[in-house]
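Shared chain: chain A. Partners: chain B in the first complex, chain C in the second.
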Partner chain A sequence: MDTSTPDPAAPGAARTALLVLADGRFPAGGHAHSGGAEAAVKAGRIRDATDLAAFCRGRLHTTGLTSAALAAAAAAGVDALALDEAADARTPSPALRATARKLGRQLMRAARATWPCDALDALAAARPRGAHQPVVLGVTARAAGLGPEDAAHCVAYETVGGPATAVVRLLGLDPFEATAVLARLAPELDQVARRAAGAAHRALAEGTGTLPAASAPLLDITAEAHAAWPVRLFAS
Partner chain B sequence: MTTAPADVAPAGIGATARITAVPDGLGGTRLPVLESDGPLALRRTRGTGAYARVTVVGAMSAPLGGDRLAVEAGVRDGAALAVDSAAATVALPGRGGRHARYDVRLTAGADARLRWLPEPLISARGSDLRMITRVELAASARLVLREEQILGRYGEEPGTLTTRLTVHRAGRPLLDQELSYGPGAPGGWDGGAVLGGHRATGQLLVVNPDFELNPPETTLLGDNAVLAPLAGPAVLVTAVAADALQLRRVLDRALRTFG
Partner chain C sequence: MHLDHSHDSAMAVSADAARPDGTKRALRIGLGGPVGSGKTATVAALCRALREELSIAVVTNDIYTREDAEFLLRNAVLPPERIQAVETGACPHTAIRDDISANLEAVEDLEDAVGPLDLILVESGGDNLTATFSKGLVDAQVFVIDVAGGDDIPRKGGPGVTTADLLVVNKTDLAPYVGSDLGRMARDAKAQRGELPVAFTSLTAENGVKPVADWVRTQLAAWSA
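After this line comes the complex of A and B, so read on.
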């Protein structure tokens, strides 16, 4: 192991790495995606901060939990290609599979430059058009000396942070209100990250079939319609 | 099975109905195993073509809280089986607030065909049901499977309903989805990401090895439903609707095209 890699056993040792990876400015392309919020705004399902909170909460406990568990499992050392296959089975929407692979490819570029390692190289070689983003994030977290729960936190936060930021732009929602929505979700984010990490440990012993598969019908339906819009502010 | 039962209510019913379908050697299908159990009564009904047809009757008053019901259907190499039901399944509350469990285990061998088209599952107020459907398909098997969840009887608040549908094809995962609704589900299930106030949701899954060469294209079926190809040779219709009737209308449209 490279001497610059922090010891994950030491408490807080990799805290800065977690901040770097979770930072919205980390150049992985996530800012171009609304997590389904653009379609929900257009359909009138998000009109204010209350709707945004319900949207984010639903997304967190469905696709958020599923993605966080995939990332946690990758960070725990579960085979990344098996997880990529599990992610496909958990993503029935072709538009969302394409988005997940595109984001995975972008994250892979940033991650290999930031925390170069054999595991990232191997995954990039096996999935040249991109692995699912949560899987790449989990492998990246491991490379950065982070643990499964850290990886799950990153993904869970991104699940709600993306829509909240997007709705500020789409609705002109007060950014303070949007941030308050995220802050109020914090206990549930922690809970989802813990559940995801628990599921990851189980997957190490019992395989990827035991990972959560929580899904959200409206996100799957509207993602396809949104991908066909001729003009849109966000890529997904 | 991915989760162990939390507990078994002494008052709950445990019942497993079984179907095995095999080719009859004359181009049709016979059913050497057709076992009813408890509230799950199976009747052989008139099929079409090579299909043997089985109708599940009498499940109307089940599952109650604490019940553990299961249906197992095995379609052997070259056989064709169609299963439907006479009425909707209504999940009702039981004594002691225990959850009920309903397991469906389906297998289809080489060149086997399975049509699994039950009536909807209705989650009545105060009920708590976990339904787990596991499907194992050989690479050349064909499947048509419909699931419909109705949240509450007419004008009623829903119970708690969790359904998981896991489909493997040639030993690899093809589709894995869990849906959770109602007062016992995690928050946000009725928000704009999940159901957005709709009270009926459903899926139609069609697995057909021919899709390997000619995958169907994504098709929007109105504002609240989409037909989309999975990562394997299969399409999934995902729909939400105001009620059971509107939901069935959308799923039937896709069934006519691909079923």
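After this line comes the complex of A and C, so read on.
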């Protein structure tokens, strides 16, 4: 019997798979990345929970939306290599491209161990140094029996969850406050995930050119600077 | 889904003993232990002692700098392409135990770039007494403590002291100055570890790393057998 994919007819189908994939403990390398938060803390732009909320909101509606749509499109079955190119086109910072591919490669390892399938094998063979992380995540979601909106939720949540965890470590910010920031962003997260899933369906019909291309220039600039710091706690 | 055939065409998953091309991969040994106990000094001394007979590479996991990697470079114990530093996001134990992705990637990159390798040493960022390596990352682990950290550490135990494949008690040259009782440390370690080996070292002495180097040679012989 096929036991590795959920029965789509079951109530709450694949919800557990979604929890496994979205869990911060999923071993895909994310814990060493701050999503730009380390640079923002150093520059004095994040000092407390209010600043963290503003940072997360900005990240969510820019790179968060773009990444979530890429993941949703991959989960919807849009060609992963075309999406990988679309991700490059939407990532002007070489440092962030390198980070996205590094994290994609690390996610690939965990994904192939947890939800082995031909689609992941094919992408790993075509991009042995790593495809962009949101693309790998979308293909992984599909392998786990999840849909585009699930993939978009995962990426959107990671977009804000990563910086929040990093700021707890960097500033000693009260972890309850940091988690409350995430909870208060939930309606916006849901909205971004829905938009991303909608864009993915459109890309299925009209190609990857229609996917969102929102970006945060300050995140791009500080990522370049951060990559050159001699002393840092986080890889990005 | 397709659980009937293997999915290791482009990369080994983690603990697989073979490289994707089927040849045996390098033996991976982790070195853990508190900050300052002498992990980097041990790695450097091991490289010097073994580099003529073995093809070696090193992965460092500094807490917030590249100092360990730079120390090894500065002291020219290995050429730079054989040393890789991994960032740990302020959580050195996570990177060697709970989420070993970045370390596995570094290991793979080293094998690709300068392999085939016989031995890869993975130095942890230095942590508390509970930090141990995942079996998905290393084949054997060394826990390095020193006499200056207090001669009651072996008695306190903890996963590192109790379960490491080799316990190294370093800086024995300092024992008289810090009032550490080496006999007591040896008895306590024996009580915690049973038959597992313990090495007392002083890296300031000529060939002080010999007990550890000999242990590595034994591990390698078993690995290659």
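To be clear about the criterion, the second predicted complex is superposed on the first by the 227 of 236 C-alpha atoms of A that agree within 3 Å, B and C clash if a C-alpha of one lies under 4 Å from a C-alpha of the other, contacts with A are read in each partner's own complex, and residues count from 1 in each chain.
Just so it is clear, a contact is a pair of C-beta atoms (placed from the backbone, for glycine too) under 8 Å apart; a residue touches a chain by one contact, two chains touch by 3 or more.
Note that the coordinates shown come from a computational prediction; the quantities given were computed from them, not determined experimentally.
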item: Clash-or-fit label for the pair chain B, chain C on chain A; value: fit
item: Which of chain B and chain C A:231 touches, first, second, both or neither; value: second
item: Touched partner set for A:19, first chain B, second chain C, both or neither; value: neither
item: Partner chain in contact with A:81 - chain B first, chain C second, else both or neither; value: neither
item: First, second, both or neither for A:56, with chain B first and chain C second; value: first
item: First, second, both or neither for A:40, with chain B first and chain C second; value: first
item: Which of chain B and chain C A:115 touches, first, second, both or neither; value: second
item: Included angle at chain A between vectors to chain C and chain B, based on C-alpha centres and rounded to the nearest 10 degrees; value: 120
item: Which superposed partner A:186 touches (first chain B, second chain C, both, neither); value: neither
item: Per-pair minimum CA distance [chain C against chain B, superposed on A] in Å; value: 19
item: Touching both chain B and chain C, residues of chain A; value: none
item: Contacting residues of chain B [partner chain A, same complex]; value: 2, 164, 166-167, 172-180, 185-196, 201, 218, 220, 223-226, 228-231, 236, 238-240
item: Footprint of chain B on chain A - complex, ascending; value: 36, 40, 43, 45-46, 51, 53-62, 65, 85-86, 88-95, 97, 188, 208-210, 212-221, 224-225, 228
item: Complex contacts: residues of chain C adjacent to chain A; value: 1-3, 7, 9-11, 13-14, 63-66, 86-91, 94-95, 98-102, 104-105
item: Chain C contact footprint on chain A (complex, rising order); value: 2, 4-5, 25, 27-34, 102, 105-110, 112-113, 115-118, 120-121, 124-125, 128, 143, 166, 169-170, 230-235
